[in-house]
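You will see chain A twice below: alongside chain B first, and alongside chain C after that.
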Partner chain A sequence: MDLSFLAIQALNGLSSASSLFITACGLTLVFGVTRIVNFAHGSLYMIGAYTAATLVPRLLELSFGPATFWAGILASAIIVGLIGVLIEVLLLRRIYGAPELFQLLATFGVVLVVQDLTILIFGPEDILGPRAPGLRAPVEILGRRFPSYELVLIAAGPIVLALVWLLLRKTRFGVLVRAATQDREMIAALGVNQALLFTGTLFLGAFLAGLGGALQIPRVSANAGMDLSIIAEAFVVTVVGGMGSVPGAFLAALIIGELQAFGILIFPKSTLVVVFLLMAVVLAVRPYGFFGRPEVIGGTHAVGISSQKHSPFAPLTILAVVGTLASLPLIGDAYVLKVATEILIFALFAFSLQLLIGVSGVVSFGHAAFFGLGAYGAALAVKWFALPMEAALPAGLFLAAVGALIIGAFVVRLSGIYLAMMTLAAAQIIFAVAFQWVDVTGGDNGIVGVWPSAWASRQVSYYLFTLAVTAVTVLLLMRIINAPFGYSLRAARDSEARAEAIGLKIRQHRWLAFTISGAAAGLAGGIYAFSRGSVDPTLLGIPTSVDALTMLLIGGIQTVTGPLVGAGVLHVLRDQIMPLTSLWRLLLGLSIIAIVLIFPRGLVGTVRTWREEQA
Partner chain B sequence: MTKASMTRWLALGLALAFASPSAEAQQAPIKLGELNSYARWAAFTVPYRNGWQMALEEINAKGGVLGRKIEIVSRDDGATTGDATRVADELVNREGVSLLFGSFQSNVGVAMADYANQKKILYIAAEPLTDAVTMAQGNRYTFRIRPSNFMQVGMLVDQAKASGAKRWAIVAPNYEYGQSAAEVFKRLIKERVPGAEIVAEQYPALGKIEAGATVSALEQAKPDGIFNVLFGPDLTQFVREGNTRGLFEGATVLSLLTGEPEWLLPLKDEVPEGWTVTGYPWDEITDPKHKAFIDSYRAKFNDTPRLGSLLGYMVLHMIRDTIERAGSVETDALIKALEDAKFDSVIGPVTMRGLDNQSTMGAWVGKLVLKGPNGGMKDWTYKDGTSFMPTEAEVKAVRKD
Partner chain C sequence: MSEPLLEIWNLTASYGRAQVLFGLTFGLNAGEVLALIGRNGAGKTTTLKAIMGLVPATAQKATFKGRSLARLPTYKIARLGLGYVPEDRRIFTDLTVEENLEAGRKAAGPGRSPWTPERLFRLFPNLAEMRGRRGNQMSGGEQQMLTIARTLMGNPDAILLDEPSEGIAPVVVQMMAEAIRAMKAEGVAVLLSEQNWAFAAGISDRTIVIERGEMRFQGSIDELMTNESLRAETLGI
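So, the complex of A and B:
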């Protein structure tokens, strides 16, 4: 490994740092002013890349030259900026006051909508843009060839930093943005036109995302997966740098760019893990990143189940529901039972999340981690130790519980948006391990041949088995929720200060809740693995976490039974609608947005409110 | 319109006009389940779907098979193992299909083979290329049409002998297909080219290549031969970066599948000339039967054929012949009709070897060349698969059944 190689590698790192900064800078600006963590930022980046990859070649046909190329890049970024304005006016403006869980979910709804629209508009194939005119030839650096376009990218980062700095320091708009980042209420009280300020910030943020995407086209093809991969990295950058801090984002992007470039030499197969580990370490040492400010912790943003009188008919109702479900095999065919099995599994998964979000007020955005750990634990036990299903399921549960214990130790130290980001990072680390540790987990191939034991291999028996496990676990969790332990969690959720004052050990309680919840999710994951016969890394992905959150949201976060109903409704809809249309994600995204805007109590919550009003 | 296609249209019209309605009312159509990565790998799978749809229309215009029409229920397999088996379950249990065919990625193919074995249903892997589908994970329910990695790599390594390259670098996507191809290459190059050594290996994640870093890591080892398994967007970025940094100058490059139009067209004028590849030189095919297929495909879809088009067309015709010979759609009868069956396909005779359920379909091997605005193949020959298949002893050593 000689000097020139290291120099080239450092330059590679600088160029990816630069691209990353441009995108992350937009995200951090938007967060600073609106306090919304915009999941759709990655989608804007993707639109920027697609727009430029389609627009620039057309422009180059009209007149070939560097001026046309750069004009095309700029035009694409402006188009994306306008789309950002559209998103602000139509959606974000309506949810500035909503709990952050709803904000995250609503912007994730936008991600889903954009994914399908992108494929609809630009087609399913990846598009590689043209090379920049005049920058096709490489330059010689220390006897090695280096693409000259990368040098331009390296320069672009500091240029954007300087321009944003000038904008923030030297213009009235910048003064207002900084003021809003400091104290949003005060700026409203002083009579500043907030609507204009927020819309302007969204334009700037989206413009930067679009620019980041458009600049990529000569080196990376525009593809439908780039939104989630960039958003995960951009989150890391903003969180590590401190949310809302532009210089922080620049520093973090530099570190991450170089870490990736040299990480590839030391750990060639664990580049994804390295990035998220950095974030975990930084958050553990500095809970608000390099330059972030502590958030004001208040009970106002927590949503969750409320205490209510116990109905004397509750045991009868439970018995009736379980009895009905148990007699389903009498009327349903194999396929109906398959769907019913999956609904039960997701119900358990969503219910385990309810213990965190609804009861403890811990907004986890990475619950898929434990579902996936359970599934992988079970599958690995089958693959490596040839254990039967009866032993593999507890193994999965154990792995998930241990994972939750470790991750929980970090998570319970944080709160609010940093907590949500930490859970997301944890899930991404586990995803990366499953994806890149090919020798053990099979990587992309996953693990196949995970079939149930002979006695449970028929659909009827597996359904009844799942029903029994789910019913017992859910009842156990309900018991926990209504026990003093559950009440302590709720007290801590509603007022941390008061709960502490009466002597509750909040962190320990939350830690325990996190572990229990992870273990329950792991159990669901294990059963799921055996029902499918295989596991793959998508089980650990962001969409799986969002599935669980959506089920919670559909059913109603403020109710105990909400997640169970939500799981049923979502899965039946998916089963019926998905084969009919290729626009499933569009529909799902729109429903999530609609629920957040119109129907925030969910199905069970709405029914209950309606009944209470009747009474 | 040529005379041949004129008669074909007439035949189609007549068939439609005189299709006996009473027979149709009595006989429900034969339902076949098809699943593929239509969203993720549209470049290959959409032409593939055009191919089987064309075959489907032809078959049904002639009255279908066993007096019944064929109906295909097609789904997206999500390009992941879990989604694919879930969709397969839906096709089998809800739609009640008689057999399954399709899938693109090798890892999905392996999961489908496992599913077929578990649920005892016939699965015809049209595309997945990993050896595992017919070797280590092979089973009596799984059959493959395309030549396996072992066969295609064998064809390429034969071409490598003359080049004199000894220091080889491998670049392959890090999943079943790439891993399997790299493993076969390592074995064959050492067996067949004395003194060959592997000096560098790079396995970027599928669809997530860091082209700059990958190219400079390969360059570092100064190879005189490069074996490439990348395809799709990874390939495009790798070629662009490699051209810029001069990685391919003076090196012999062997590349799987790069001559297929689905992966060649996106490269546009950056085609790396001189690479030895497997592919599909449809523009230079002269065999009348094959040419007729290409012409009618172009007329029907107003697009040039890809290898996927040919494969989709061939697979459905082979399935039709199998059902006819089996006389029913019972899984056991179908398997019996497939084993050691001979098919008269549009590219000539193809046999389904019963030993490992692998067909003898071959591949076109040649060199890449720039033809006008796009790439194509020159100096190519069609290599029949028969002489490149693994020996009986090799098969028996790894197959578990």
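So, the complex of A and C:
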């Protein structure tokens, strides 16, 4: 390892830092003004790459030259900017006042829609873009060859930083944007049309995402997975830099770019882990990132379940529901029972998340971490220690609880959007470990041969076992929600300051809730592993976390039984619709958006409100 | 008498299920200073916010310069020429003094000489010395001056001024009084919310006393001062 090699590695780090900054800069600008964390920012990046990879070659056919190439890149970025405007006008504008959970979910709905639309429009194949005319020959640096295009990228980051800085500091638009970042209501009272300001910001943010994506085409082919991989990194950059801070994003991108460039030399497989560990460490020391600050005013407010009158019929209802479910084997065939088993598992998973979100106001975006830890814990116990199911399930639960205990220690120090991002990051670390530690976890292939004990191996018996575990756990969690511990959590959710003022140790309470919730999710994960006979990293992925959130959303976040109903509805819909269409993600995305816009209370909540109004 | 500049009929407002304003009716004439006096929680701030469209409210009629304010978004109300200075000042702390003024700038109506930073610096000499300073490095009194100056940059015909004397040093209170007189001299009408009746008495042409969201008195400050029972009941003095 000599000096020239290190220099080249540092340059590689700088060029990926530059690319990352251009994209993340747009994300942080949009967040700063609208207070919305736009999950779809990665999708805009992907559209930028696809558009450029399709558009630029056609332009180069007309007239070959550097000017054409760069005009094509710019045009692609402008097209993406206009798509950003469309998203703002159609969706974001309607959810500025909504709780942050709904905002995150709605923009994730856009991610799903764009995934299917991208394949519809650009086709399923990856598209490799042209190389830049005039920049094809590598340059020699300290005796080593280095792609000259990378040098252009290295320069692009600081240029974008300078232009954005000038825009924010030296123009009226910039003054208003910075003012709106701090106090939207006041800026309106001064006669500024926020809608225009927000639309302008979205154009700028989407333009930068599109530019970031378009600049990638000579380096990597446009592919359908780029949206989620860039958004995860862009989240880390904005959170580490301080949400809303452009210089912070630049600094964070530099650190992350170099960390990846050199980290890969030390731990060849752990680049993802290194990035998210950095985020965890920075947030533990500075809860608002390098240049961030506590939020003054924003769309942040907790939603959750409130106290309900005790119904004298509640025990009867519970008995009736459990009894009905227990008699399902009398009428259902093996397939129905398999689906019902999965619904029960996901109901438990979603319910454990309800304890965090609905009760504690802790908006976790990485709940799949604990579901997956439970599943992997059980599977590893079977694979490496040859434990039977009766011992492997508690092992999975234990692993999930320990994971939640450790992650919770970091998470409960944070609040709002930083908390959501931290849980997401934690889940991504665990995902990366499961994905990259092939020797132990089997990597992408996961672990197979995780079968239940003989007594539970028939579909009917495993169904009844799942029903029993789910019913007991859900009832226990309900008891917790309605115990003084649950009251404390809800008090802290509704007003942290007041809860603290009456002497509640909010952090400890939340930490305990986080651990209990993680353990319950782990139990669900373990049962899921045995129901399928295998585990793989998708159980830990962002889509699994979003599944749980979607179930909560469908059922209703303000209701206790919502997650149970939501799990059933989502699972049955998926089961029925997925075989019929290749556009399941489009449908799911649109449904999530529709629920956020039209039925924010969810099914159970809407029915309850309707009944209260009738009464 | 001609039509008032700002006319409010039967204004009501609620926070959730708690109603805080119970049908206020009053008018603000061009160029006058009207003081809205009442104790803490009487509904003064809510009245001003309701006029600006910052809290949900209903009124039989609410017009400014003959234009209805009903269902207008806040920024359009502001653009009609109605300025708003909130009680907690809310200057943009990340922005410099000059940038704060820029954020408030709107074109003046025809035939009016517009407020410029230079004119405002003459009105508030303290601000002139800290043009490049950020809002978070200013004292409460300086922030109060800046928030008024920022609103004046929008060249309003009327200003809703929420408790300008609250939480600032007596010498600055004197400057506030000067500033309000200067605005009046420029023809800007002022609707002032105050707990400090002595301050209000020194600068206002008329007063309204509200108590628990209802209007208890409307008239000149002298009348109020001679009506001892009302004074004792509503203001505790």
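Keep in mind that, in the parts below, the second predicted complex is superposed on the first by the 610 of 615 C-alpha atoms of A that agree within 3 Å, B and C clash if a C-alpha of one lies under 4 Å from a C-alpha of the other, contacts with A are read in each partner's own complex, and residues count from 1 in each chain.
Definition applied: a residue touches a chain if its C-beta (ideal position, glycine included) is under 8 Å from a C-beta of that chain, and two chains touch if they have at least 3 such contacts.
From a predicted model like this one, the values you see are computed outputs, not experimental measurements.
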Combined model on chain A: chain C and chain B, fit or clash: fit
Which superposed partner A:V607 touches (first chain B, second chain C, both, neither): neither
Partner chain in contact with A:Q194 - chain B first, chain C second, else both or neither: second
Touched partner set for A:M186, first chain B, second chain C, both or neither: second
First (chain B), second (chain C), both or neither touched by A:A409: neither
Partner chain(s) touched by A:N12 [first = chain B, second = chain C, both, neither]: first
Which superposed partner A:A75 touches (first chain B, second chain C, both, neither): neither
Superposition-derived comparison: chain B or chain C, residues of chain A touched: B
Closest Cα approach, chain C to chain B, once both complexes are overlaid on chain A (Å): 40
Set of chain A residues, in rising order, touched by both chain B and chain C: none
Complex interface listing, chain A residues touching chain C: 172, 175-176, 178-179, 181-183, 185-194
Chain B residues touching chain A - in the complex, by the definition given at the top: 38-40, 42-43, 46, 75-76, 80-83, 85-86, 89-90, 93-94, 107, 110-111, 114-115, 118, 137, 174-176, 179, 203, 205-208, 210-213, 216-217, 219-220, 232-233, 236-237, 240-241, 244-246, 266
Residues on chain A engaged by chain B in the complex (per definition of touch): 5, 8-9, 12, 119, 123-126, 128, 131, 136, 138, 144-147, 150, 219-221, 223-225, 229, 260-261, 264, 269, 271, 333-335, 338, 435-436, 438, 443-446, 448-449, 451, 532-536, 538-539, 579, 582
Chain C residues within the chain A interface of the complex: 52, 54, 73-75, 78-79, 84, 86, 90, 92-95, 99-100, 102-106, 150-151, 154
